[in-house]
Amino acid sequence: MTARETILDVRDLKVRFRTLDGDVEAVKGVNLHVGAGETVAVVGESGSGKSQTMMAAMNLLASNGEAAGAVDYRGRNLLGLSKAELNTIRGSRISMIFQEPMTSLDPLYTIGSQLIEPIRRHRGLSRSAAHEHALNLLRLVHIPEPERRMKSYPHELSGGQRQRIMIAMALANDPDILIADEPTTALDVTIQAQILSLLAELQSKLGMAIVFITHDLGIVRRFADRVYVMRRGEVVEEGEAEAVFTKPQHPYTRMLLAAEPTGHKAPPPANAPILLEGRNIDVTFSIGGGFLSGETLMLRAVDHISVRLKRNQTIGIVGESGSGKSTLGRALLRLLPSDGVIRFDDRDISHADVSAMRPLRRELQLVFQDPFGSLSPRMTVGQIVTEGLLVHEPALTAKQRDQRAVAALTEVGLDPNARNRYPHEFSGGQRQRIAIARAMILKPKVVVLDEPTSALDRSVQKQIVDLPRNLQADHGLSYLFISHDLAVVRAMADYIIVMKEGRIVEEGPTEAIFDAPRDAYTQTLMAAALDTARFRSDHGSLLPASRL
Amino acid sequence: MTDAAVDNEPAANVVVGRSLWGDAWARLKANRAAMFSLFYLGLMALVCIAGPWFVPHDYTTIYSDYVRTPPSTEAYPKADMVKGALDDVLKRMRVDLKDWKLEDGRATITVAGTRPIDERYLRYVDRSDTFDDARMEAKSPDGLEMTFSAAVKQQYFLFGTDNVGRDLLSRTLVAGRISLAIGLLAGVVAVTIGVVYGATAGFLGGKVDEVMMRIVDVLYSLPFIFFVIMLVVFFGRNFVLMFLAVGAVLWLDMARIVRGQALSIRRHEYVQAAEALGVRQSGILKRHVIPNLLGPVVIYMTLLVPHVIILESFLSFLGLGVQEPMTSWGVLISVGAHNIGSANWMLLFPAFFLVSTLFALNFVGDGLRDALDPKDR
Amino acid sequence: MLLYVLRRLLTAIPTLFVIVTLAFFLIRVAPGGPFNQERGLSPEIKANLEAEYGLNDPLWLQYGHYLKNLSHGDFGPSYNLPDFTVGELFARGLPISIQLGASALVLALLLGCLLGTVAALNQNRWGDYAVIALATAGSTIPTFVIAPIIQLVFGLSWKLLPVGGWGGGAMLNKIGPVLTLALPQIAIVARLMRGSMIEALRSHHIRTARALGLSDWSVVVRHALRGAILPIVSFTGPAAAALLTGSIIVETIFAIPGVGRYFVDAALNRDYTLVMGTVVVIAIFTIVFNLIVDIMYAVVDPRVRYD
């Protein structure tokens, strides 16, 4: 690798926030450097300080934050510059794009005017010249119909398109460094892949350095030259990407790499009975409409889907947002109205009403995606976990319920004393365990796990994957595991259903789907999520587009 | 709290957790303005309810000698007022003054008349607000001259008196009873209507919610007061009508808040989780909905009460609210406003009571809002 | 956009109808009202009423007459001042009330927005605290307390302003009433603007603007302000309603011959037709005003137009 000139040098950066509960040190003395044209990844989980490091460099910290140390850009310390001086650098020499494309554009101005503004500000071009330049930028980021899009408003575009526009705005003035703060985290897997390949393409065309902040190791491996691993405000490891991946030094790095879910699930015996079955399920929602406000749109969320879940089986339902997978899960549990036949334990429950379903509820349980929202904030953990017992075993005394709570919490690996505390006193992973305990205390037969790990850090995800697996072995449960995270599903399920826009695209045993997907969409999904090939070859040239 | 590699916490020594209510109470206690205001409100309520029993004047007693007297910490009558009061009495007795002197709180007066003076005329002296305990000392043999003595009644008018001669302190306190009572009761009416309406709209959702909220939107933009006054004009001044009218104007905000909360609670996954467990609607309401609805309702109730008091005062100010002999701060302020320049105390005392109470209620409401729903100011 | 306006109109018209119909029936139902024969009517009134409303016609015909009269702006004769029609009394008082109300509204919006922005930009420093204190005072103290105090301080003690009266529209006479009317609204707008601005300044798209190196002026005025204004635009509707309410008090205390004052006098003297007429006019005005506000909102916020 040719020696690169260091253009950004961060030395002993410290960031502190003043809060009502005292001072919080988010960054505790970080050193890193970026060379011209190289791609540097900063990796860490939530709370590692990776975002705050770069926000401090760009002076974008919240009002209660302060930074100390040095951030040298081509010899000038950004932390010491005045607002005016900094503004000549921001947006023109160093640019930044953020995680939330849906809210990062001003909703009240057209795309065109938002693009033109930084161009005119930094280059002083006339309106028409800036307009031309903006059009070129839109073409650069592959936005179709650029002329028309100049007059559109952000709310008329999708998340992926908005992120492309953000990139265009950031690159408008040909910066030296592009800082990308988790730019693809909020996007679907296939869109993620497109944005990443776009960034790679732009880098090879324009030659800027990229600082890529992420928690996703898979992306880092395919994208970065060098890596910094951060934890709790400090850099714990750094080095060339391949080296860090193949020979990690620090135990934390090793743990992160090992946190990839592993294992596989053996399929149930062939003669296992079918517990839960859905035939030709349809779920339709009406959107909009109402008194005097235009026509009602009917959205077919689930379109003619059939599922058969056997005892001891785990079916993984994968798909991107809007695929209908969560809706299907809830429809099968009769939490949503649907058309079609649903059978549980050899009984037809398609038209069972609320009171008919009630006794069956204990056998059909659901674990939600959001550990923060699925626990009632004003009830103790004990009350939350035993609420189901109030309905299904009303004869129990308070003491007996308490004992069951103790047992349930111990089984999911939590301290039984937790039952007297409140949900907000626990972390995300712990809350998810509580939710699992709530489901398991009723000794169900079928549990639908709806994206149970999506809101958690990778290191915690592994535990929340191991736990249901162990419980399944102990209690002979059957799972419907809904997720968009293919790595997790591969470890959990023995049968896969791939959904897109309400329909089944492909289904089959896990290994068959992963090793040899037949449908084009499935192939794209697998490639986007699991491909370990790099976006750029080591010599900096772009790989052929067909690879992606 | 962060998840690290190690997820299990060591067994906590704290066995009882701190609920959100506990957190909120701690935050409220730390808010000095709110705690002081709470204390002030309690004091105000106590003073208005119990105070009139300790004030020597009744709020309806008219002291014709003390019309529009300024407030004073010293006792009335002042030295220069005694003569005037004496002249009034003697005029009624139809006698002339010969001589008088004031000693140790008793006045000794010698009068003469053209006709024999009957002892019973001393009644006029007793009836006076200034004198009391009239006793005849001496009488001339022909009855044309009489000397009597009377005690000079010491009265305190700490807030002065009003246009008619009534003690303002007792009136202000009694008015406080009315204003606070109406504030509380009409506030309850407004809260009840608002909560029921908002909760129904929020929980039923869909078309019903849309229609109900459209109605609220329309009503919100109309100056309700005109309709209320219209009703009062057409149907007379009825105490119950007052309650309903005041409550009916102010329920809109509460309805909006409650409906918003109901919608968001419904969407919260913990409600769906309860449904997935098979919990009945009553259980969901009892354990999940109401505890989470309570917070905003309490906050907005404390912010609603000052509006109610203002509204009642508004109506009373115009002469459309409480009727004589009842009085409220609005009535007092109205009369006071007509007398500025000549009797400022008639405006300033009730205005101070009203405004300080409103401020206190606002601080408590703000404090509650910060405590129960802390967002970065 | 046209569709949006049409839809708003569609909700406005039934409301108007309901109010007008309610008015019609209330007048006839009220105990002791002008159409109630129990009350001793002066022969002039009786004659007038019979002529206007055809009291012996069937009810639906009377309703038709009523609507027809309304559409001509004819509200009938004043009950207590039979020489004047309600319409004539309005013609005198309306321009005055509108002058005061419009001035107060403009003052409230401008000053409120300014103060709110200053507070937001100086958050948690003394500028912020000063504005919050002012806003709390302004929105807590009722108009009927502020007005006499202004009269006391500026009129009687410092002798800067006349204590009351319209003075034929002299500037000095207008200051007291306009200030009293505007003060509570200034307070509310300032608070609203402060909160709105603080939230806007924290939003993601402001972060983007800063990251692009745009100047402070551009960030605050072009981007943050435009977004922060939206709740204020929505508030203009209820603000106008509050000003109408306030005008009752202000005109009474400052002795201004506007519609509010007529309304109060009418209310106290049981002048039913005048009371009724005022309510209908107020309702029409408010509904039209809110329609305009809704349209203004759609002009400022493109997301709403495609609703």
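To keep things simple, chains are lettered A, B and C as they appear, and every chain counts its residues starting from 1.
In this section, a contact is a pair of C-beta atoms (placed from the backbone, for glycine too) under 8 Å apart; a residue touches a chain by one contact, two chains touch by 3 or more.
If you're wondering where the values come from, they're calculated on a predicted model, not measured in any experiment.
Student: Pick the chain whose C-alpha centre of mass, unweighted, sits closest to the average of all protein C-alpha coordinates shown.
Tutor: C
Student: Between A-C and A-B, which chain pair is linked by more C-beta pairs in contact?
Tutor: A-B
Student: Roughly how far is chain B from chain C, centre to centre by C-alpha average, rounded to an integer in Å?
Tutor: Averaging C-alpha atoms per chain gives centres 28 Å apart.
Student: Find the geometric centre of each of chain A and chain C from their Cα atoms only, then give the gap between the two centres in Å, rounded to an integer.
Tutor: Their C-alpha centroids are separated by 50 Å.
Student: Can you compute the centre-to-centre distance for chain A and chain B, using the mean CA position of each chain? Integer Å is fine.
Tutor: Whole-Å distance between the two chain centres: 56.
Student: Out of chain C, which residues touch more than one other chain, so two or more?
Tutor: 11, 123
Student: What are the residues of chain B that contact at least two other chains?
Tutor: In chain B, 214 touch at least two other chains.
Student: Contact residues on chain C for chain A in the complex?
Tutor: 3, 7, 10-11, 123, 202-205, 207-216, 218, 222-223, 226-227, 300-303, 307
Student: Across the complex, what residues on chain A touch chain B?
Tutor: 46-47, 232, 252, 255, 290-291, 333, 335, 357-359, 361-362, 365-366, 368-370, 373-381, 383, 387-388, 390-392, 413-415, 417-418, 420-422, 424-430, 435, 438, 442, 456-457, 459-460, 463
Student: Using the touch rule from the top, collect the residues of chain C that touch chain B in their complex.
Tutor: 11, 15, 26, 30-31, 33, 123-124, 136, 140-142, 144-145, 147-149, 151-152, 156, 163, 237-238, 241-242, 244-245, 248-249, 252-253, 263-264, 266-268, 270, 272, 275-276, 278-279, 282-283, 286-287, 290
Student: Once bound in the complex, which stretches of chain B touch chain C?
Tutor: Its residues touching chain C are 214, 218, 220-227, 229-230, 232-236, 306, 310, 313-314, 317-320, 330, 333-334, 336-337, 340-341, 344, 347, 351, 354-355, 358-359, 362, 377.
Student: What does chain B use to touch chain A in their complex?
Tutor: 1-5, 7-9, 11-12, 14-21, 207, 210-211, 214, 268-270, 272-280, 283, 287-288, 291-292
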